[in-house]
């Protein structure tokens, strides 16, 4: 059953996409959308239970271990929330004219194609397939980013596709090098398979793995939004339709991180853990530092969230770079927590943008007065992103910090903390200015149920993970950490 | 063919590839750059054929053929078509002077060889100088993208960069899995398609080169 | 374990209160009332738990494991003497706030929507619960979670009071600064947990026992930085005078009266318990730093308070001052502890003074904030220049405020004097035994404490006089009426404490036994301070020690007042005639009354170097320079640390960020260049392997 | 060592202080008058004033609140209570715990605080002005006074005034060390400020620009004013007694009536000397501008601090 599911999983969004080709009606499309996402989420949960019980499953080039499961769960949950959110968001967008009613079909088809490629990215055991799927996500999401079709959208899409294509061609080069090293040891057959490579990883030539890993981290790091390769990210995240932004920030960059983690385990086994950690640490720190000024002086709310993703990807990299079981655990937890929270933030920002008709934060004022629930959710998301307990991100940042202190990375810790506090100030300043004060430029309109339902789902998870880590999820995370750390 | 001969041929082809790369960097007209990329792809196809005969690996023949058709013929043709369709200026507009780009390219080449020289026994995993040449090609291709203004030259740079990867991949002694290579090529084609559509769409809607758009920043 | 008084009960009450916010779905008022009632129940439960521990057998620690929430840390509660004492302090003020709250909110913001009422009911209970459980936390993680929960809840309360940009800004500053403090705390805690391998305090203590001196001191200063931010120690205080006035008044009372004390709890917990060496005195740098910081905070706090005309802001600055006084006691205790040659029981006296001032300050500052709240909700004005004459319209409020003013000015026979007297005695004893420059510093600190007391009296003569006496200056003040009974009841509760702790402080010493004996592992407070009987305060159990009796003084005062009353009535009981105030023959109006600005002016000039007063006077003359048709005066006193440090840092960061953002490129070539450059450098740095 | 002072003695001393308070003022006034070549009123004039005021009716400002009426009561009670804390006839701690020097200063501060509050109550500018000035100078005087007390208390190890005096014993001026001289100098600087005399304040003026303490009393009348005046007389003699206790604790041993009489005589002499000093200062100096007062008090601060430093180092 579980093995078959591995194949079925990427097929679900594909079939949904194909089914959507048959209609143009918005209601049916939305229904299909939510239905497809729900099926995906349900199947993921079934798979998760089996894997939690019986360990990793593999079938051909696809394989799902606990490490992938963490990311797959994130994908499934966020995808469901995005679908629920999209229902109301689309109604509004069509009403305002941001989305054309006749082009909805292609939008939905592309979203599901995008999801399908991401599912494959997560499930891929073969590093080549991983690369192909990753390029597939680039192509599908590039079209989605430019979906609105205006000048800025196309500019963002172009930057996105060019920069990430360059990035993942570096990733391909790195893959080739690792393959060459592996093939040298074990012969050509199966040397692309991550599981197979991991078996022989300690015998790989450290020199070539070293170069390969540098290529991979710069390459997939571009896709993940690590600075200084992050420049496409705020452009793309700000121009994409809000649900797509949520998927990009919440899942896509996490898929790239998964690829980096996969290669990191190889590199750690081949060259010793210190090397890979050092590289990740440097890129993580650069990301955290570089994101800061742009968050402080930002005016566009979605760009703000984009830069914020850069910071958080940096924190994940820091967690991996601090290393050890705690750091890796923290990093993986942070992947999940940030994905959920960032999606929530994008949703809340999206509803605010729809209400005020502007992405400029100076135009959004007094949200609490006109949309109390949305404003509360926005504030909660901002507080969580800023790392305030009892929300989820605090816990994972605590773990990352703990790992850093445990390994005595004092300079990194100092820089990290200073930046986190400064970003906290910036974020809260922006959020406070939007939420409080006298409302301007927006009337009090009842809040739509569907965006709220999507947001409340995510907010619940955010709060839950801030207050506790469920035991079965903890078990999955622990085994995922074992996979990475060994 | 014995191993030494193959290595010699691959090294010679590598030198040719580097030469075509320099041509691309130095090209002052888009069409010349396109021709240079086509030539580069041709050399890679030849390298594929040589390696195929040497190792008897049938997959490499297929890859060589596909490379020849897709990268040496179809893509250059498409690019030419776009150049004609768009009716853009044919001159390459550099962001920084071409001489400076050449110096940077030189630094990239030196760095690649330095890097590969630091490797130990692994050199046998990849035939001859394919690794440093591949790194140099990949990076220089990206360098072209970073220093040329128009979208088309950027696509040319991207293809040149992909060629570097291909060259190294072919030279891996054990050979790459066919399905992966095909997938990679398909992806490249798809990406080229999407890019072309975007370039044309921007040209038709806002009458500007897509690579010149720089409103989104900060 | 006593089943009746357990922390579960407190948690249950506050949780019920927080959940009562859901009632706002039907009626916001109901949610507010039920929420505050639950808070009252929680506070009473807190008093019960605290007394149970404090009066139970000595050295008892109430421990209780919490549900297994996080796989990496076992959460526990551990209520020892120190925790229980702070729970008591919190609960005392919480009782007043819970009684006062609903009436105040109804009177102050009559047309608040149900959302806001729900938020207030929720956040108040969360705030109280978190404060209590910070003090009860038995491990680092629950401490940090509650610590931040406390900040967050009070932030919500601050921003929920008004739909005003000012509140949001105050809240922001508050959050950012305390978050920075928390970051320091995080590092301090995590350094210990990493060594200990666990989060619970017992493990941390064991880990700290093996620290070397440098690390120990570094960790202490990290923690001190974190706690000092929360406590509002100068120069980390800038958030305090903005955030406290912005909250609803009963929350201001809690924030000023209690929340700052939680930071004191943290300092005590870290300094004397978690990080303290197993034997021997604490490193000298700790105590001296705390003492000097406390002295500076005390003097500067009261000096800035003196120049405030916003009643609640003035009170907030006084919190800075009082935290300074508490820290003087704490610092002195740190200096003297376990130093046999000098200390002995003096450390106990110093710590007793600090703890007693903690509860005293909670009582009178709570009372004063509630009094200010009564004024605010009846006049909607915080600027005292626009008040005046309220004593005739709100006699109860005025009387209670005056009581609080006397108490905070450290005047006998109320409680403020008692704790300052103990502080003075500890300082004097310390100075007498520590010879040399150290003694001189202590004496200087005592002189500054005296200055602080005097200035506080000046400040409250101004605050009370300008707000409550004379003529009403504006219609706001003119139409004020007495506050609702519920609010007065809340205030009377604190006023009773002020009087009780002032007149018979000896009885409270029993409550200080557990924390002092527990922390200092020496004699308890009552063994030293009330060695000569519960009505007598002394500085040492030996017969020759200085001893005073507040009760006797109070009795003497009452007797003398009776005598004076007879004199006051005079020999002939002629009726009191009423006449206008003498104003050189002119008809007196409210504009003749001395204003707060004018009152504070001499001191503003005396301390001009510190205040850097700014003034702008614009005159409109009618033809000749000697006849003024209009004159406009605007003056302000800036907070030096705010302008010299914070504004500069903030401006620096903002300008830098803006410049970087504007200079950044939007061209794709730049993007590609960065990717390429990153790869190139990474290859050079990391790619070249060892041959 | 002298014995402890029983309750009756403390009460006796208290009554004595209150009764003698106006007399000291009378003596100072008379001396001043003579130094200014005036005849001056008799030394009993303050008593006559008080008696007259107590017989008069009260005129109260129409804006005053209920507090105003009780202010004189509270002020008088607080000031007199402070008087109970200084030993007059004999050194030695009282037989029961009552208060120490800090309590004394606290009670005087309470009286001052209440006076200032009362000044506000009537409204009008004079009261506020007086309160403002008084409350400006008071916090500057207080720490210096406290330091002078400390400088002797550190040596004695107690702040209880009777015990402190007892510790110093009768061998006063010959045993003085540098610290004592400096402390005494500081005390002399403070004395006019604490008793409200030139060069800090001028008790004789009712000119609005110069008065401090009197400004606060403007609106009091009749018995109320009488109480306030009695309080300020008491305050003056308490302050003088404090100086006497700290620096000239000469008093007879034993509990016999003779000893007490001897003590009373010594006390009278000490007070008289200090009163003469005050009268001389008042006659030979002009009142300082308000903003010069902090500088003037600075002299006291430096003296006191040096005295303390000498004690500790």
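A, B, C and D are the chain letters, set down in written order, and residue numbers restart from 1 in every chain.
Operating definition for what follows: a residue touches a chain if its C-beta (ideal position, glycine included) is under 8 Å from a C-beta of that chain, and two chains touch if they have at least 3 such contacts.
These numbers come from a predicted model, not from an experiment.
Colleague: Between subunit A and subunit D, how many steps is the shortest route if every step has to go to a touching chain?
Modeller: Counted as steps through touching chains, the separation is 2.
Colleague: Check every other chain and keep only those touching both subunit B and subunit D; list them.
Modeller: C
Colleague: Given the contact rule stated at the top, which pair of chains has the most C-beta pairs in contact?
Modeller: Max contact pairs: C-D.
Colleague: Taking every chain's C-alpha mean, which one sits closest to the mean of all protein C-alpha atoms?
Modeller: Located nearest the centre of all protein C-alpha atoms is chain C.
Colleague: Select the chain at the greatest separation from subunit A, using centres from the mean of Cα atoms.
Modeller: For subunit A, the chain whose C-alpha mean is farthest off is D.
Colleague: Provide the C-alpha centroid distance between subunit A and subunit C, rounded to the nearest whole angstrom.
Modeller: 43
Colleague: So how far apart, in whole Å, are subunit B and subunit C when each is placed at the average of its C-alpha atoms?
Modeller: 69
Colleague: Hey, how far is the Cα centre of subunit C from the one of subunit D, in Å?
Modeller: 35
Colleague: Rounded to the nearest whole Å, what is the centre-to-centre distance of subunit A and subunit B, using the mean of the C-alpha atoms as each centre?
Modeller: About 31 Å separates the centre of subunit A from that of subunit B.
Colleague: Among the residues of subunit D, pick out those that touch two or more other chains and give their numbers.
Modeller: As it turns out, subunit D has no residue touching two or more other chains.
Colleague: Spell out, as numbers or ranges, the residues of subunit B touching 2 or more other chains.
Modeller: In subunit B, the residues touching two or more other chains are 115, 118-120, 135, 142, 145, 154, 211, 213-216, 218.
Colleague: At least two partner chains per residue is the criterion; list those residues in subunit C.
Modeller: 661, 664, 668, 672, 675-676, 679, 683, 687, 689
Colleague: Run through the chains and report each pair that touches.
Modeller: Chain pairs that touch: A-B, A-C, B-C, C-D.
Colleague: Taking the touch rule as given, give the residues of subunit D at its contact with subunit C in the complex, in rising order.
Modeller: Checking each residue of subunit D against subunit C gives 54-63, 65-67, 69-70, 72-74, 76-78, 80-81, 84, 96-100, 102-103, 106-107, 109-110, 112-113, 116-117, 119-129, 131-133, 135-136, 138-147, 150, 153-154, 157-160, 163, 218-219, 222-224, 226-227, 230, 290-291, 294, 305, 308-309, 312-313.
Colleague: Okay, in this complex, where on subunit C does subunit D touch?
Modeller: 389, 391-392, 395, 398-399, 402, 406, 409-412, 417, 421, 424-425, 428, 431-432, 435-437, 439-440, 443-444, 446-448, 450-451, 453-455, 457-458, 460-462, 464-466, 468-471, 532, 535-538, 544-549, 552-553, 556-557, 560-561, 563-565, 567-572, 574-583, 588, 590, 592-595, 598-603, 605-606
Colleague: Tell me, which parts of subunit B touch subunit A in their complex?
Modeller: Counting only subunit B, the residues touching subunit A are 115, 118-122, 124-126, 131, 134-135, 138, 142, 145, 151, 154, 158, 161-162, 164-165, 168-169, 172-177, 179-180, 183-184, 186-187, 190-191, 194-195, 198-199, 201-202, 205-206, 210-211, 213-216, 218.
Colleague: So in the complex, which bits of subunit B are touching subunit C?
Modeller: 95, 108, 111, 114-115, 118-120, 135, 139, 142-143, 145-149, 154, 211, 213-218
Colleague: Which residues of subunit A touch subunit C in their complex?
Modeller: Counting only subunit A, the residues touching subunit C are 158-159, 162-163, 166-167, 170, 206-207, 210-211, 213-215, 217-218, 222, 228-229, 231-232, 271, 275, 278-279, 282, 292-294, 296-298, 326, 329, 366, 368-369, 372, 383, 386-390, 394-395, 398-399, 401-402, 405-406, 413, 417, 420-422, 424-426, 428-429, 432-433, 435-438, 467-469, 471, 474, 478.
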